[in-house]
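Everything on this sheet refers to the single structure shown next.
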Amino acid sequence: MDQILTIGLNGLTVASLYFLVASGLTLIFGMMRIVNLAHGAFYLLGGYVAFSVLQGTESWSLGLLAALAAVGAVGVVMHQVLLRAIEHEDMRVALVTIGVSLILADQLLVYYGGVAHSVVPPDFLSGGMELGVAGIVYPRYRIFVLGLAILVGIALWLFISRTRFGMIIRAGVDDRDMVSATGINVRVVFAAVFFIGSALAGLAGAVGAGAFSLAPGTDVEYLLYSLIVVIVGGMGSIPGAAIGALLVGLVSQFALGYTPAVASIVTFALMIGVLAVRPQGLLGRTA
Amino acid sequence: MSAPPEPAVPASHADAVLAIRGLDKRFGGVRAVADLDLDIGHGERVSVIGPNGAGKSTLFNVIAGDHRPTGGRIVMFGTDITGESTRKRAHRGLARTFQTSKLFSTLTVGDNLYLALCGRPGSVRRLRNANRDRARRARAAEFAERVGLGERLRTEVGELSHGEQRQLELVMALATQPRLLMLDEPAAGLSPAERGGLMDVLTSLDRDVTLLLIEHDMDIALVVGERVVVMADGEKVLEGGPDTVRSSDLVRRIYLGGAPDGR
Amino acid sequence: QSDEGDEADMGSPDMDAPGEENGEDGDGEGTDAGDAEGEPIVIGRISALEGPYAAGAEDGERGVEMVLEEFDHEVAGRPIEVIVESSDTTPETAVDRARKLVEQDGVNLIHGPLSGAEGEALASYAHDTEHVTIVDAASGASTTTLSDPAPNYFRWHSEGAMWTAPLGPHVIDELGYERVATLAEDYAFPHAQVGGFLEGFCEAGGELASTHWVPLGESDYSSVIASIPDDIDAIFVALGGSDAVDFLSQAIDFGLEKPIIGGSLLVGSDVLESEGRVRENVEGIVTSMVYPPSSADVYEWQDFVQRYQEMFPDEGFETPSNFAILYYNSFKSLLLGIEEAGGVVEEDDGESLRAAMSEMSWESPIGPLELNENRQAETDVFISEVVENDGELTTELREVAEQVEQPDTPWERLDECPS
Amino acid sequence: MGDEDGRLVVDGLNVYYDRVHVLQDVGFEVGAEPVAMVGRNGMGKTTLAKALLGLVPAASGSVRFGGQELLGASPYKIVKAGIGYVPQGRRIWPSLSTHEHLVMVGAKAGSRWTVDTVYDVFPRLAERRDVSGANLSGGEQQMLAIARALLTNPRLLVMDEPSEGLAPAIVEHLASTLRSLVDEGQSVFLVEQNLRFATELGDHILVMVNGRIATDLRSEELLADEEKQNLYLGVA
Amino acid sequence: MTGPDLVARDPRRNSPPDADSRRGWRRIFEGSKGAGIIAAAVLLLVAFPFVVPQPQFWVVSIAIRSLWLGVVALSLIWLARNTGMLSLGQMTFFAVAGYTVGVLTTQNDVPYVVSIPAGILLATAVGAVVALIAVRTQGVYFLMLTLAVSQLLYFLVLNAATLTRGYQGISNITRPEPFGLSLDNRNVFYFLALAIAAGAFALCWYVSRTPFGLALRGIRDSPERMRALGYNVYLYRMLAFTFAAFIAAVSGALAFFYHGGITPGAIDLLRSIDVLIVSVLGGINSLWGAFAGALGLTMLQNFAQAGWIPMRRVTLTGVVFVVVLLFFRGGIVDLPRQLREYGRTGRRAWNGWRGRDLGGDRPASGRDGDGTRPERVAVGSKLSPPGRSGPQIDDGTRSTRTGER
C-alpha cells in the first residue's frame, strides 16, 4: 500500500520536474513555432551554472537565479544571432538548434568533465518530512519541486492567455510581417519570449540537479522527456504540458516500480499510443 | 451516421444534379447553414449571393465534403452522398474552387494543372514518367493558355501575383472536366480586364456542365446565373431569376445597398 | 615539462618522443619489411574521450602517460608514436576508429577500448584483421575472451564476473549478510557482475530475495528503491559513474536503510570526490574492486600512487582511478611484450609479439600479471570498505582475493541463484 | 519642398524579385487628396504597397513621409511614423479571436479610432467578437483587416484591394465611411481593381502597367474615357 | 484574354522560357555537357578503387561507408522533399532489415538468398505499419513519432536478448559469396555497394517524376486541394512513407555486411541524428545531397580526429552543421552556385548585413544566403502542428510564409 503511495508520489514529483523543463519548450513553441532542440543542453547548462555559483558563493538561491539569468541570456543570444534571420523556416531553425545542442553539450563536457555533479539543496530543503499518511517519510526537496512547478504553471498560463503580450506573440507566429505592419516591434517581444523559455530550462536544470545528478547525456535525456511530455499533451499548450508530464511521470514510475525491464519502452509506447488516437496530442489544437 | 430525423429526399428525376434537403451546419453557436433545401438540374447555371458571412462558402464546403453537415442530406447525380469522402465526390464529377486560393505553391503552373488532370482514377499510369506524358502536358498548357498563363507554365505558383493565382484557381477546377462546377468568388482579385476573360470562360462553358457560382460582382452573378439563390444568416431567403432578385427590396436592403447594380 | 604536454596532447594524434624526428605517418600499408631498427613503432589507441566515460578515460590517459615516461617514449630501441582516436563508447564508433587506425594509419598495434560493448566489438573485429594485435585497455565484458576468443586479442585485467566473484563468500563469512537483493543496470557488464557475485554468494549458502534490473540510462531510482523488499540484510548494487551518484543520494532521500555492498564501479574516485549528500551515505559500503585503495600497502601500489600524484598534481584526481591503473597495466604490458619480441612487430604480422605476450608475466603495481589460455589475465581482487578519515572519504582494504579464476561461461542476466 | 507635412513622396523606386525588375522607377505623391491606383493583375501594385511598408526590400529610390525618409526602416517604425496598412489577402492571425485582433493592436485612449468606434463602423465584427480569425467568412476577415489598420490611427492609410470579397452593400458602406474620413483629413492611398470604388474614393488615379506608372489622371477623366480604360486596363 | 498591346505582359518580366523553346544546338550542347559530366563521374567511381593511394582506407572506410550511409540519407531526403515529412526514424527500418538478416542467418541457418529479401520485406512491412499512424501526424509530431519508434525499437532490441543478443548485438558473421565473388573482397563489396546505391538513387529519382511523385508534392502544398481533385491523400502519404522505409531497409542490409553484424548502437539517437546531419550537409533539396553529405560527414569524422582542425569532433560537427544551415542553405551540392552568388553579391551582402543591423527588422537588400527572406521553406514543410495550415483554415492564413497568395 505505502509502496503504491510512494511510487505515486514519485510519479507526481518527477512529473513536476518534467513539467518545469517542458514548460519552457512548449512556451517557445507555442508562441514562436520554434522547436528548440537545444533545450536539453540548456537544462544541463543551467545545472552547471548553478553548481559553479554554489561553489563560489555558497548560496543556493543565488545559484538558481544565476542559472535562470545566464541560460536566459544564452537563449536570447542564440535566437538573435543564429535564429532570427531564418525564423520563419521552422525546420531549419529546429536543425540549427540541434547543432547548437551538440556544440554546447560537448563544450560543457570539456569544461566540467564526465564526473557527475549535483547541486546540493540548502538544509531547510534536505531530508525527509512526515506526510502524515501511512507513515510515509518523503524527501522535502521533491515536495518543493512540486510546489515550484505548480507556481510556474499557473503564472505561465495567465501570462499567455490573459495579457496583450501573449496576444502579440500568438499573432506574430501566424504572420509576423503583419504584426510589424501594425506598429509593434516584434523583435523585442520575441526576444523576451526566448529569454523566458530558455530561463525556464535553466531554472529546471538548477532545480533538477538537486534531485538527479548532471552528467554528459543528461541533456539528451531531458530533451527527450520534455519532447515526449509536450507532444503527448499537445505542443504549445501549458495545461497540455502539465497533463503530459503527469502521464509520463506516473506511467514511467509505476513501470519502474513494478516492471523495470519494460520501463524504457512504456514512455515511448505511451506517446505512440496517444498520437495514434490524437495526432495533435491531448490538448493540441487542430485548427 | 445516425443523423437526426431525415427529411424525405424526393425520388430524383433523371436530370437532377443536386438535391439538398434540410441541410444544416453549425459551428458551435453559429448556424452557418440552416435547414437549406436546394435543387439543381442538369446544365443549370445557379448563382448564390448574400451578405458576408451568410454561409455561402460553408454551403460549398459541405457539398464538396470538406465539412460534415450537422443535419440534412445531399443527393448528387441520383446518389445519396451525405457521408461520402471528398475524394469520392470528386470522382463523381464535382469540382470546386476555393475562396482563398489553394494551390501547390512550390510546383510550377504546369505541374499544378497536370495534377488536376490526373485526379480521377482511370487511365493515368501513376508510375510512368510524368514529363513524357505528352498528351496531358499539352492539355495542361491549353488550360493555362485560357487564362493567359500560357507563358508561365514553368513559373512556380508561389511567385504569381494574387490575381494570377485566382485565375489559376479557376482553371484547376476546369481541368478536371467536371460535371458539376462550383466556383467560390472567381472574380475576386481580378482586374476588370481579366473579369472580361472570366465571363468569356463562363459563358462558353459546355452545357453539360452544371454551374454553381458564388459571386459578389453582380455583373457576373446576375448575368451568368440563370437562377439566383439569395442566402442570409444561413438560410435561403429568396430564389428566382436575375430580374426578380434585382428588383427585390429584401435583396437591396440586406445585400445590394443603395446602388441599383452592385459594382 | 610533462605537465604542459599532457593536456595539450590529450586529443592530438602524435605523441612523439621529444627531440625525435617525426618520421613517417605510418603511411603505405604499414608493413614495410626489412630493417625496422630506429623506425618508429606506431601504436593506435582508442580512448573514450567523448560520452559518459570521458572523465574516466582522461584518467586512463594519465596512466598511459606514466608508461610513456617510464619508457622514455622508446621501446626496443624504436621511438614510440601514438595515434589517439576518440570513441563515444558505442561499439560502432570503436570499430570505425579501429578501421581507420588499421586501414589509413596502417597500425599493427591497437590499445583500447574502455567499455564492455566496445571490447566485444573489437574482439570480433580482431578476427578480421589477423595481423593487428589488440590489447584491451579497460573493458570488462565476459564474452570478449570467453566465447570464441580471438588469437590476437589480449586482456591484461580480469573481467566483470571475476571482479565480484570473491565478494559473495566475503559477505557471508565476514559481514554475516545472508539474504540480499541485487540492483543493476540491464546489460552485459552488470549481468557479469551480478552473476559473479551470486555464484559465490549462493554457493556459500546465501539467499537471494529479489533482483532489480533497471533499464540502461535511467537515473531515477526512487520507485525501484520503493519496491525493494524489507526483509533483507543488504543490497548488492552494481552501478557506476553518475548512476552510482544518483542512486546513493536517492537512497538517502528515500530512507533506504539497508547496508549497501557494491560492484566494482560503485565507489570510484568520482563518487568519493563528488559533492553533495552522497558523502553521507557511502561510509561503510563494501565493494570488490580491481585495484586497491590508495592507502593499501600491497605490491608496488604505493609507488604507483605517489608517482601519479607527482606527475599530475593539479589536473588529476587525488588518487588514481581504476582507469589510470588499468590503462597503465595494459599499455605497459604491450610495451613489455614488444621488448620481449625484440621490437619485431610488423615483419611477421605480430607472431612473435603474440607469442611473447602469451608467455610473459610481470609484477604490476597491483600484483602479478599472467595470461590464461584465452589471453585473459587472472588478477587479484581487492575487497574494500569506505571509511571516513578526518572528514575525507577514503577506502580501506579488507581482503585481497588472489588470482581469481575466469569462469567457464559468461553470465547471462540472472533472476535467481545460479545452479 | 518645404511643406511635406503629412505628404507621401515616392521617388525613383526600384524593386526586384530575384532578377525580375518588378517596380521600375516608380514615383508619385499622396497629399490630402486621396490617390487610387489601378492596373491589371500582376503589374506590381501589391509589390508597391509592400515596398512602402518596408515589407519588401527596395533596390533604390526614396520614400519620404512627412519629410522623413522611410526607405529601409522597419515596418513597425513606418507604421509608427503614421502609415496604416490593409494588406491584400487580408492576412488575419488565425490564433487570435476577432476581439483579440483589435485589443492587441490597441489604441491610445482619446484617439480617433478605438476598439469601440471600430465596432460602430463594422457591427458585423461586434457580433463575431469571440470567433477565431480563421473561422470568419471572407468578407468578415476583410472588415477585420481594415479595422485593424484603422486602430493604428494612421495619417496615411495604404489599402490593397480592400473591397475584394465584400458584399456590394458593404463596399458602399466602406466607400462612404472612407469618404467621410477623407473629408476629416485622412490621407489615403488605395490599390483597387474595382474601378467604381477606386474612382469614387480617389480623386487621382494612377495606372500601373508592367511596373511603371503609365499615367496619372483625374478620376472623372478615366471614367469618361472608354478608350483610355481600354488602353490601360483592357476593359473592352 | 489578351488585352491591347500596351498591356500585354512585358516579356522581360517573365520567367525563363520553358524547355520547348530551348531547341536546336543549345539543347544538344547542354545535353552533351550533361552526358559528359555523368560519364566522367561514372569513370571516376569505377576507377576509384584502383587509383587511390590507400585502397583499404579510402575504399572501405570512406567510400563504402559513404555509400550505405548515403542510401539511408537518400530515403530521408526523398521523403522530406516530396512529402515534407522529416523523419528521424529511418534507422528503424535500417535496423529491422539488419537484425532480421542477422537473426535468420546466424541463429536459424537460413541462407542469405532468403534472409536478405526477408529482412528488406519485413522492414518495409514495419514501415507500412508505422506509416498507418505516422502519416496522420505532421511537423514536429511526425518528427517525434518517428524518433519514438526508433527509440522503441532500440530498447526492444536491447531487451529481447535471446533473439538479438542484447547489448552485444550480432557479430562475427560470414559474408555471402554471390556468384563465387566473396564480399570479403573490398573491391567486390565496393562495386556491389555502388550498384545498390545507384539503383536506389535511380529509383528515387524516377519515382519523383511520376504522377505519383508529383502528387506527393501537391499534397505537401495543399492536401485540401488534392482531396478536392479526387486524390486519396492518406494512401499516397502512406505509400510514400513505406517506399522510404524500403530504401532505408536496403541500406540496412548493406550496412549489415559492412559492419559484419549489427548492434543496438546502430540505431541509438545519435545515429539517427547523424542521418539528419548527412542530409542537411549534403543538401536536403537534392537527392545527390544524400551521397555528398555522407561523404562529407565520413570525411569529417575521420579527419577531424586526425588533428587537422583544432576542435573536438562533436563540436566541429556541430559548427559545420550550423554554418551549412545558415550560410550554405543548399548544402554541399549547392556549394558552387552558392559561392558564386556570394562572390557576386559579396559587397551587397556586406552592406545588407550592416544595413540590417541599423535598420532592424527590415530584410537587407541582398537576397538569399545572407539571411534575408527566402521564398521557399527549405524542407518544404512546416514544423507547426496541423493547426496552422490545417485543413480547416480557409482564409488568408497561408500567406504567412509564402508571401502574397
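As written, the chains take the letters A, B, C, D and E, and residue 1 is the first residue of each chain.
The rule is short, and it goes like this: a contact is a pair of C-beta atoms (placed from the backbone, for glycine too) under 8 Å apart; a residue touches a chain by one contact, two chains touch by 3 or more.
Chain identities (UniProt): A, E = Branched-chain amino acid ABC transporter permease; B, D = ABC transporter ATP-binding protein.
Source: prediction; values computed, not measured.
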Exercise for review: Using the touch definition from the top, list the chains contacting both chain A and chain B.
Suggested key: D, E
Practice item. Give me the fewest steps it takes to get from chain C to chain D if each step has to go to a chain it touches. Key: 2
Study note, to complete from the structure: In terms of mean CA position, the chain most removed from chain B is C
Review point. Using C-alpha centroids, which chain lies at the maximum separation from chain E?
Key: D
Revision key, fill the gap. Most central chain, judged by mean Cα position vs. mean of all protein Cα atoms, is E
Review point. Could you state the distance in Å from the CA-based centre of chain A to that of chain E?
Key: 31
Practice item. Round to the nearest whole Å and give the separation of the Cα centres of chain C and chain E. Key: 40
Review point. Between chain B and chain D, what is the separation of their C-alpha centroids in Å?
Key: 29
Check your understanding: Distance-wise, how many Å sit between the C-alpha centres of chain B and chain C, to the nearest whole number?
Key -> 75
Review point. Which residues belonging to chain B are in contact with no fewer than two other chains?
Key: 57, 99-100, 159, 161-162, 193-194, 196
Exercise for review: Please list all residues of chain C that touch 2 or more other chains.
Suggested key: 50, 186, 215-216
**Study point:** Overlap residues in chain E, where contacts from two or more other chains coincide
**Key:** 3, 7, 9, 155, 158-159, 312, 314, 360-361, 372, 387-388, 392-397, 399-400, 404-405
Review point. Inside the complex, what are the residues of chain C that reach chain E?
Key: 11-14, 27-29, 50, 85-86, 88, 90-93, 95-97, 99-100, 102-104, 106, 116-117, 120-121, 124-125, 127-128, 141, 143, 148, 186-188, 215-216, 412-413
Review point. In their shared complex, at which residues does chain E touch chain C?
Key: 53-54, 56-57, 60-61, 65, 155, 158-159, 161, 166-169, 171-172, 259-261, 263, 265-266, 268, 270-271, 301-302, 305-307, 312-314
Practice item. Would you mind writing out the residues of chain B in touch with chain D in their complex? Key: 27, 30, 50-54, 57, 99-100, 159-164, 166-167, 185, 188-194, 196, 216, 218, 254-259, 262-263
Point to revise | Touch list for chain D against partner chain B, complex | key: 17, 38-43, 46, 88-89, 124, 128, 131, 135-140, 142-143, 161, 164-173, 193-197, 229, 233-236
Review point. Tell me, which parts of chain E touch chain A in their complex?
Key: 86, 133, 136-141, 143-145, 148-149, 151-152, 155-156, 158-159, 269, 273, 276, 280, 312, 314-315, 317-319, 321-322, 325-326, 329, 360-361, 371-374, 377-379, 381-388, 390, 392-393, 397, 399-401
